[in-house]
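Sending over a structure as C-alpha cells; questions will come in a sec.
Going in written order, the chains are labelled A, B, C, D, E and F, and every chain counts its residues from 1.
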Amino acid sequence: MDNLSTKTPQQGFELAIKLARMGVKYTQPDMEVLKAGRKDYAANPEFLIQASQVIAIHFQTVAKANNYWQE
Amino acid sequence: MDNLSTKTPQQGFELAIKLARMGVKYTQPDMEVLKAGRKDYAANPEFLIQASQVIAIHFQTVAKANNYWQE
Amino acid sequence: MDNLSTKTPQQGFELAIKLARMGVKYTQPDMEVLKAGRKDYAANPEFLIQASQVIAIHFQTVAKANNYWQE
Amino acid sequence: MDNLSTKTPQQGFELAIKLARMGVKYTQPDMEVLKAGRKDYAANPEFLIQASQVIAIHFQTVAKANNYWQE
Amino acid sequence: MDNLSTKTPQQGFELAIKLARMGVKYTQPDMEVLKAGRKDYAANPEFLIQASQVIAIHFQTVAKANNYWQE
Amino acid sequence: MDNLSTKTPQQGFELAIKLARMGVKYTQPDMEVLKAGRKDYAANPEFLIQASQVIAIHFQTVAKANNYWQE
C-alpha cells in the first residue's frame, strides 16, 4: 500500500473495507480461526453494524486523503 | 458513486445512510441472511442506536465533503 | 433540513439530538415499535450513554459547520 | 450555553463532561429514573469507560473550538 | 492542566491516558469503588480494548493540539 | 517514539497497531494477564472488530500526521 489515492468514492470505500479487514488480520493472523468465527457472526446484526462502523472510520480517513474526490 | 456531493444536508444524511448500509452489505452480501437478522433486531434499541452511530460517522464525512452546505 | 446553521451551541446541540433521532427513525420507521422498545431501555444507563455518544458525534459535525459559533 | 470558549483545557474538559451529561438528560429527562440507574452502574468499569469515551468525543470538539488553547 | 502541549508523541500519549482516566474519575470519584471494579476487569480483553479506544480518541486530540510534533 | 512520521501508509498502519497495543499495555502492564486473556478472545469476532476499530482511530491520526502520504 503506497498511498491512499483512489479515483472514486466507490474505490475509496473498497479501500476502507480493505483497511478494516487488515486490522482484523493483524490482530488474528490465523485464517482458519478467522473463518471459523466468521460463520457464527456473519448473520449477527450487532457484528455487522460494528464492522460497518470500522469501515466508516477508515472511509473518513480515505475521503480526506482524496480531498473528498472534489473536482 | 462518483462523488459525495449533495444539494442539501437532508440528501447528505440519506447518502450517509446509504454508506452505512453499504458497509453492512459488503460484510454480509447474502440478502436473505441480512433480512432474517433484521427482524430480530429492528426492535432492539441498542442495535438502533448503534446503526444511528454509523450513520453519524458517515454524515460527518459527507458534511465535510460538502463544506457543510454553507453558502 | 436546508443547512446546519444554528445561532448558538445550545441550538446546535438540539440539532445534534434531532440528527441522532433521525438515524434511529430511518432504521426503524415504525413509531409503535420504537416506543415499545424505548420503555425498556430508557432506564438503562448503557443505552443512555450510547445515545449520548451518537449525539456527541453529530454535535462535533454541527459545531464545525457553525465554525464553533466563534465571533 | 452561548459559546464553547473556556480559558483552560481543564475548564474545557469540564464543559465536555457537561455536554456528555446533557446528552443523557435529553434522552432521559426523568431525574429519578437517572439516579436509580446510576447506582447500579457507577461501579461498572464498562459503563465508566463508555462515559469516558463520550467525554473524549466532546473534549475533541471543545478543544478545536478553543484552538487547543494555544497562545 | 494549562495546555495540551507536550514535547514528544510519547508524552502526548501519556497525556491522552491521563485524560481518559480523568473522564473515569469525574464519573466515579470514589477511588475505592474504582479500584474494586478494576480488579475484575483488568484481565478482560473487551474492557482493555475499550480503554485503548478512549485513549486513541484523546491521543487524536492531543496530536492535533501539538501539530503532530512536526518540525 | 519521537514522531509519527512514516514513509508509507503501510508503515503508518503498523504504527497505528503499535499505538493501539500501547493503550492496552498501559492499562494492563502485566504481560501474563494479557496473554491469558488473549487466548480466549482472539477467536472472538466481536473482540477482533473492536481491535480493528481502535487501529482505525489511530490510523486516522497517523494519516493526518503524514499529510496522507501525498506527494
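Methods note: a residue touches a chain if its C-beta (ideal position, glycine included) is under 8 Å from a C-beta of that chain, and two chains touch if they have at least 3 such contacts.
Note that the coordinates shown come from a computational prediction; the quantities given were computed from them, not determined experimentally.
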item	value
Chain-contact steps, minimal, separating chain E from chain B	3
Fitting chain C to chain E on CA atoms, where both chains share a sequence, rotation angle to nearest 5 degrees	120
Copy pair chain D, chain E: interface residue numbering same or different (half cut)	different
Remotest chain, chain D as reference, centres from CA atoms	A
Whole-Å gap separating chain B and chain C, where each centre is the average of the chain's CA atoms	15
Gap in Å, rounded to a whole number, between the CA centres of chain F and chain B	26
Chain F residues counted as touching two or more neighbouring chains	46, 50-51, 53, 57, 60, 64
Touch-based graph of the chains, sorted into line, ring, star, complete or other	ring
For the chain C and chain B complex, residues of the former touching the latter	1-5, 19-24, 26-28, 33-34, 36-38, 40-41, 46-47, 50-51, 53-54, 57-58, 60-61, 64-65
Chain D-touching residues of chain C, taken from the complex the two chains share	8-10, 13, 17, 42-46, 48-53, 55-57, 59-60, 63-64, 68-71
